[in-house]
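Order of writing sets the chain letters: A, B, C, D and E. Residues in each chain are counted from 1.
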Amino acid sequence: MFNLYESNSSKVGLPPGSLVYVGPERTDQINISIIDYNKNTLQEKNSFDVKECFSDLKLNMKRWIHISGMHDESIIEAIGNHFNINHLILEDILNTNHRPKIEIHDNFIFVIMKFFYYDSEDSNKIIKEHLCIILGKNFIISFQEGTKDVFSLIKKRIKLKDSKIRKFGVDYLTYCIIDTIIDYYLNIADIVNDKIEDLEEDLINNSYENILNTIYELKREIIHIRRVVTPVRNIVNDLEKTDSLLISKSLSFYLRDLYDHTLQIVEQTEIFKELLTGLLDTYHSSLSNKMNEIMKVLTIISTLFIPLSFVTGLYGMNFHYIPELEWHYGYFFVLCIIIVAASSMILYFKKKKWL
Amino acid sequence: MFNLYESNSSKVGLPPGSLVYVGPERTDQINISIIDYNKNTLQEKNSFDVKECFSDLKLNMKRWIHISGMHDESIIEAIGNHFNINHLILEDILNTNHRPKIEIHDNFIFVIMKFFYYDSEDSNKIIKEHLCIILGKNFIISFQEGTKDVFSLIKKRIKLKDSKIRKFGVDYLTYCIIDTIIDYYLNIADIVNDKIEDLEEDLINNSYENILNTIYELKREIIHIRRVVTPVRNIVNDLEKTDSLLISKSLSFYLRDLYDHTLQIVEQTEIFKELLTGLLDTYHSSLSNKMNEIMKVLTIISTLFIPLSFVTGLYGMNFHYIPELEWHYGYFFVLCIIIVAASSMILYFKKKKWL
Amino acid sequence: MFNLYESNSSKVGLPPGSLVYVGPERTDQINISIIDYNKNTLQEKNSFDVKECFSDLKLNMKRWIHISGMHDESIIEAIGNHFNINHLILEDILNTNHRPKIEIHDNFIFVIMKFFYYDSEDSNKIIKEHLCIILGKNFIISFQEGTKDVFSLIKKRIKLKDSKIRKFGVDYLTYCIIDTIIDYYLNIADIVNDKIEDLEEDLINNSYENILNTIYELKREIIHIRRVVTPVRNIVNDLEKTDSLLISKSLSFYLRDLYDHTLQIVEQTEIFKELLTGLLDTYHSSLSNKMNEIMKVLTIISTLFIPLSFVTGLYGMNFHYIPELEWHYGYFFVLCIIIVAASSMILYFKKKKWL
Amino acid sequence: MFNLYESNSSKVGLPPGSLVYVGPERTDQINISIIDYNKNTLQEKNSFDVKECFSDLKLNMKRWIHISGMHDESIIEAIGNHFNINHLILEDILNTNHRPKIEIHDNFIFVIMKFFYYDSEDSNKIIKEHLCIILGKNFIISFQEGTKDVFSLIKKRIKLKDSKIRKFGVDYLTYCIIDTIIDYYLNIADIVNDKIEDLEEDLINNSYENILNTIYELKREIIHIRRVVTPVRNIVNDLEKTDSLLISKSLSFYLRDLYDHTLQIVEQTEIFKELLTGLLDTYHSSLSNKMNEIMKVLTIISTLFIPLSFVTGLYGMNFHYIPELEWHYGYFFVLCIIIVAASSMILYFKKKKWL
Amino acid sequence: MFNLYESNSSKVGLPPGSLVYVGPERTDQINISIIDYNKNTLQEKNSFDVKECFSDLKLNMKRWIHISGMHDESIIEAIGNHFNINHLILEDILNTNHRPKIEIHDNFIFVIMKFFYYDSEDSNKIIKEHLCIILGKNFIISFQEGTKDVFSLIKKRIKLKDSKIRKFGVDYLTYCIIDTIIDYYLNIADIVNDKIEDLEEDLINNSYENILNTIYELKREIIHIRRVVTPVRNIVNDLEKTDSLLISKSLSFYLRDLYDHTLQIVEQTEIFKELLTGLLDTYHSSLSNKMNEIMKVLTIISTLFIPLSFVTGLYGMNFHYIPELEWHYGYFFVLCIIIVAASSMILYFKKKKWL
């Protein structure tokens, strides 16, 4: 089951600014990837040692530090100290339950987002990951909760010498990262849509097994997606509208495009909600139709045979003197009465459209 | 079934600004119609070659390029390069799933809309098409997803020498195109209304066959129409309010009129929703009324005959000594009791208004 | 049945500004009433000839032209040409389906409203009429869809020499016309309220005949009234707030009063909606209560007699050796058992509060 | 039954500014109480003659005129003429159906409010009264619909020489009057709460008698309270925010406090609505639970005895050759079968948790 | 049961500014804790005498007065008089039913909040307490309704010489107090979440005992939490946005963090509501599924045996001449008919998916 609620318990009672990782326990090694690049040159390093990030950056170079895994508080703290980042921000990076937001400071921009993907092994399990971006003048640091390589496409593009990422500043790279995350959302939306279509087919085929649970499961997923995408819309909007010098004006065109995409996802979740409501209604209607059909059968059988049984009961009485019993064709007479009564009742049901 | 959801899958993972046509596959030839006109002269060309669009425009002439079909990315790209249009806009033109929007730039205005019509062969199938308009100083380029000749009325009017289109600028032609699209919406609204009236008649005639599906089908269509018309309202409003020199002030009167029309369609979809909700309620009420009626019949028959059958059962027992059995008129006595009991029960039901 | 939807079909495809009357067909003669008045003198003319309207107006006089019937496009066009009114406005006058609105121009104010009255012959039929007002500096032209004399009270008041209408300008006369229309709304609201109270009484008296249809019929009427009154609120508000010299400041007091009235009607429609929802709930509750009662009767009879019938069936078996059958008081013994069982079951039902 | 709707009929068709009392007919004498006061002296008069109000006010004195009863239009008109108040305002005073509002004029402030109290004789009957306040520079006139002495507490306080009312201006007295009215609302809210708690207890004790009617009755009362309190919130807010010299700045502290109170009542009505919705749900659930229970009993009895009766019927047949009938212990054998079948069915029901 | 409604009765009719404690009766001694601190020194006093608060504060020292218990009006009045606080504010402090709010005055800030905790003895009972904070230039006074030591963690931190509380001003201490209260909210949210998960498990295990009551109980708690947290969001926002010199600019970072937390709680209550609605739906669906199952059993048994009983009744009649009865294998023939009929009916039910 997809858990909508994020427990607060591990943070309650601590003084503000305490660096505590609150996500699920992880044991894999935290991987740090450092890419120094400009128009002409590119240098890539993969390391497990945080000190690599602190090497001097050559003139005219831009640096992208990507940290996969945030379950080692010491690494986050070391980076925070080197880049002079407030402890409250570091706390938000480590708080994997923190809602998406943007903070625009004078010398850096801080963004929290979430991204989703379906587990490659279990296609019914959505994996949600926390992602933080710190965008400085000539550097960008991205923190990812897990260790899955989610930005491989960007890395491929950055290695192409004539790609836009190489030509533009780190703000364009930030845009590419957010664009990739929104592509993940679109992907999830497609999968949710497939599931809803499967449900519709199940309903048509009258296979109600577990349908209610699946509908509620999907409802939860949709609530979750909307909760995560709605603030992203504001993030993109704030990025476009900001006066910060860290975002060049030429980017606004791209950001408006992103904004359109987030709007589209929010709209699609609305549609999903309406579709699921329709499915629920259809489900309940088909249930009550079935109930009606059952009741109809019960009623027809009962109203047909209960009166007839009364007639047979009548002539099953043991009175000494029941004149009809002594008629030679009495039995056949009663049979005729029964057949006539049954037939007229069936005609009545047919008229009432019960049959 | 009318598909509310537009799949995102073909675009996910591509770098921004990639020109990919995402609509349904099409094989028909893309047709390009070029109309050069001013107050006095008019020249029309129909061609399959995009280069025709790039011929020099004579002084004081206005040009309308209409491209029917957008499934050949190279044509869109050639036009984009000639007219110096950003790749992100070309991407939006090709993205037939893009939601309606308006972008007002310094030297051109870009509009995305959708229009609907019912398939001429299958009157139950709504065809939805993507339409983009680029309005420049003395030219207008319109891109249509399909190849159906939807603007034949405008073409007829433009050929009349004294028509307003010939007298006014290309902004008035843009207004005419949007007006035609809104007329298509009004047309769809009329057809939806007819369907709802058919449903109402079906309900009155107690023909419930498939009624639930039709209602949900209509609900989906209405959701879709509203989703497409609501942003058009904003487009028209933005056109009226803009300071852009491309829209002459004298047009605002016409645009306000358009705005009234879009408002009217939005209101009509609201009414459709309320009517359908009312139909659903009536449907459910009539179902449960029928159920009640069935239950009543069952109850009347059972409560009438079950006690009577008990009496007959009583005198069907084989005890050696049952004094009543030996009475000569015992049988008739019991018959009397049965008739009296049955009559009084029927009276009771009549009093309870069950009969 | 009251038709909520206004068909758009007769207008679709026409170039904007085409003068076409779209209302129901009418054959009665269009009546033109012209009242020239000032503080001291008043001159009234009733004519079928539109040219009467174009006669010169004496100094310090005000003119009220009231046209009953708008099914002759030529009359509207003649007036439009004389008073120099844009064709788009004339089109709106003729479009009897147009929603209420106000347009404030430099030299005139254009208002579209609707008014309702119950048919004098069939009290269940609401008649809706389109009404347009053009307010100029010293004249007012009102166009009414039908020919019923709805402003007779104003005409009576205008003829009184010391009435306010005579003293104030044509803006006060406009206020009186709108006030009369709102009085018609209040009247309809009273009738709707009476119908709801009738429904409540019907429900209490358990006469459910046709109740569902009446409720939905009323719901539609209420939706319609709200749709027509809500824009009137904005019209009155715009009139009060406008800087136009055509509305004198001293009128704002009266207009605020009108605004209060429209607010009151909107509030009353809200109350009607809540009352009808309550009625529907009560109806459904009383239906399911009745169903429960029916089920209870069925259950009581069945649970009482089915076990007893089993006992009689037991001793109706034809086994050669059933010792009880040979007891002399066996029959009476069984009768006792039956009476005891029935009594205890009745007591059980009483305890369960089923009886 | 509490009547939500206020009929408009008595006002329709009258020219604006007509002074007509529209409330229920009353015969009791209108009482006029005049209190002249300042810090040091206080003079009180009770009179039936309106001319008493027009006596000259001594220097540095403030006057409170309280008129209990507004069913004599001549009194209202006399006061209006003396204090130079517009006829439209006098009309609003007499219109006991007018919704609460505030009008801030240059030289006076006009407030319409409603107050509720429970009838002292019939605790189920809410009495609603219309109250209007005209606040001038050194006088305040309050008009009350009925003649009940609702402001006795204020009168007591004003007679205390060191009370705040004596020290401050008439604006503070206005505040006290509104505060008293809001106290009446709080009182009503307490009574409504008591009724809801009674309902909850009734539901727990399974005494459903009339519960639905009581719930709808309460719903109506709550709608009414909210309708009356919501505009009062705006009145208090407008009084606080106004620049009028009639309201001294030092009062804003008290008005903010009042605003908190009205907010509290609005919130409480929200809670009442949620509680009643919960009660309705509980009621319907308990009804359908009862229905389920009834159905269960019917099903258990039927499924237990119908098959057994079939067995007895089988051996009640009169075939000449039924071998079992001739077995000596056949009867006991069948009895055993019946007991075993019944027991296993009971076990099955137990397993299904029907028993 | 958790009481949503706060009675107003004890305050009605009193003049504004009257100091009356309206909470539940308490008898425990009111405890006053006074902490004087600066960067270097700290002095703590616990006393029952309010005069201790009025001792002179040394230069550069800050004072935190915490009063546990507000059921002695004289203490509140003494403090109000000493610190020169308006009586209306003192009234709000004593009014334990007052909704949360913030008032920013020139020389002090007044905040009302509520906090919740679960009773340590009865884990199903939520305790709600009223808390007021007065923040001055170098002092802070906090009033707590009960006497539980809820700020022990802050007191511990303040005693640490190098803690932030010691370094910063009293505004930071205010922030810590509000942060602690919000931690209490998060704690409650966790407990509510646990309860909802218990309910989900109960539903899956089909143990419906009392489930409806628990759901409504939780709904009430959630309504209450939201009602208390929503104004806190505004309080924190106002604190961040204020220009008051009492709040240093450096605190805004911390306040924004607090704002995020309150937002998170509000969002969680939304999720709780959706989860509970889902639970209710599941509950009702499972109930009606059970009902359907019961009806199915009844129908199957009845339709199976009622016709068969008719057959046995037929041959239980006592007619003198029924030819079948005399057949030697008549009985076995009838048995065969019965078995064939029963089998085909069972097959029919299987086909209908009733079995």
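Just so it is clear, contacts are C-beta pairs under 8 Å (C-beta built on N, C-alpha and C of every residue); 3 or more make two chains touch, one makes a residue touch a chain.
Not measured: the values here are computed from a predicted model.
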item	value
Intersection of the contact lists for chain A and chain E	none
Cα superposition angle of chain B on its copy chain D, in degrees to the nearest 5	145
Same-site or different-site touching of chain C by its copy chain D, using the half cut	different
Between chain B and chain C, centroid-to-centroid distance (C-alpha), Å	27
Centroid distance [mean C-alpha coordinates] between chain E and chain C, Å	44
Set of chain E residues in contact with two or more other chains	291, 295, 298, 302, 306, 309, 313, 316-318, 322
Topology of the chain contact graph, where touching chains are joined (line, ring, star, complete, other)	ring
Starting from chain D, with chain E taken as the next chain, the full ring order	D, E, A, B, C
Complex contacts: residues of chain A adjacent to chain E	4-5, 7-9, 11-13, 15-16, 86, 88, 92, 97-99, 101, 103, 206, 212, 216, 219-220, 223, 227, 280, 284, 287, 290-291, 294-295, 297-298, 301-302, 305-306, 308-309, 312-313, 315-318, 322, 324-331, 334
Chain E partner contacts - residues on chain D that touch it in the complex	153, 157, 163-164, 176, 179, 183, 186-187, 189-190, 193, 253-254, 256-257, 260, 263-264, 267-268, 271-272, 274-275, 278, 281-282, 285, 288-289, 292, 295-296, 298-299, 302-303, 306-307, 309-310, 313-314, 316-322, 353-354
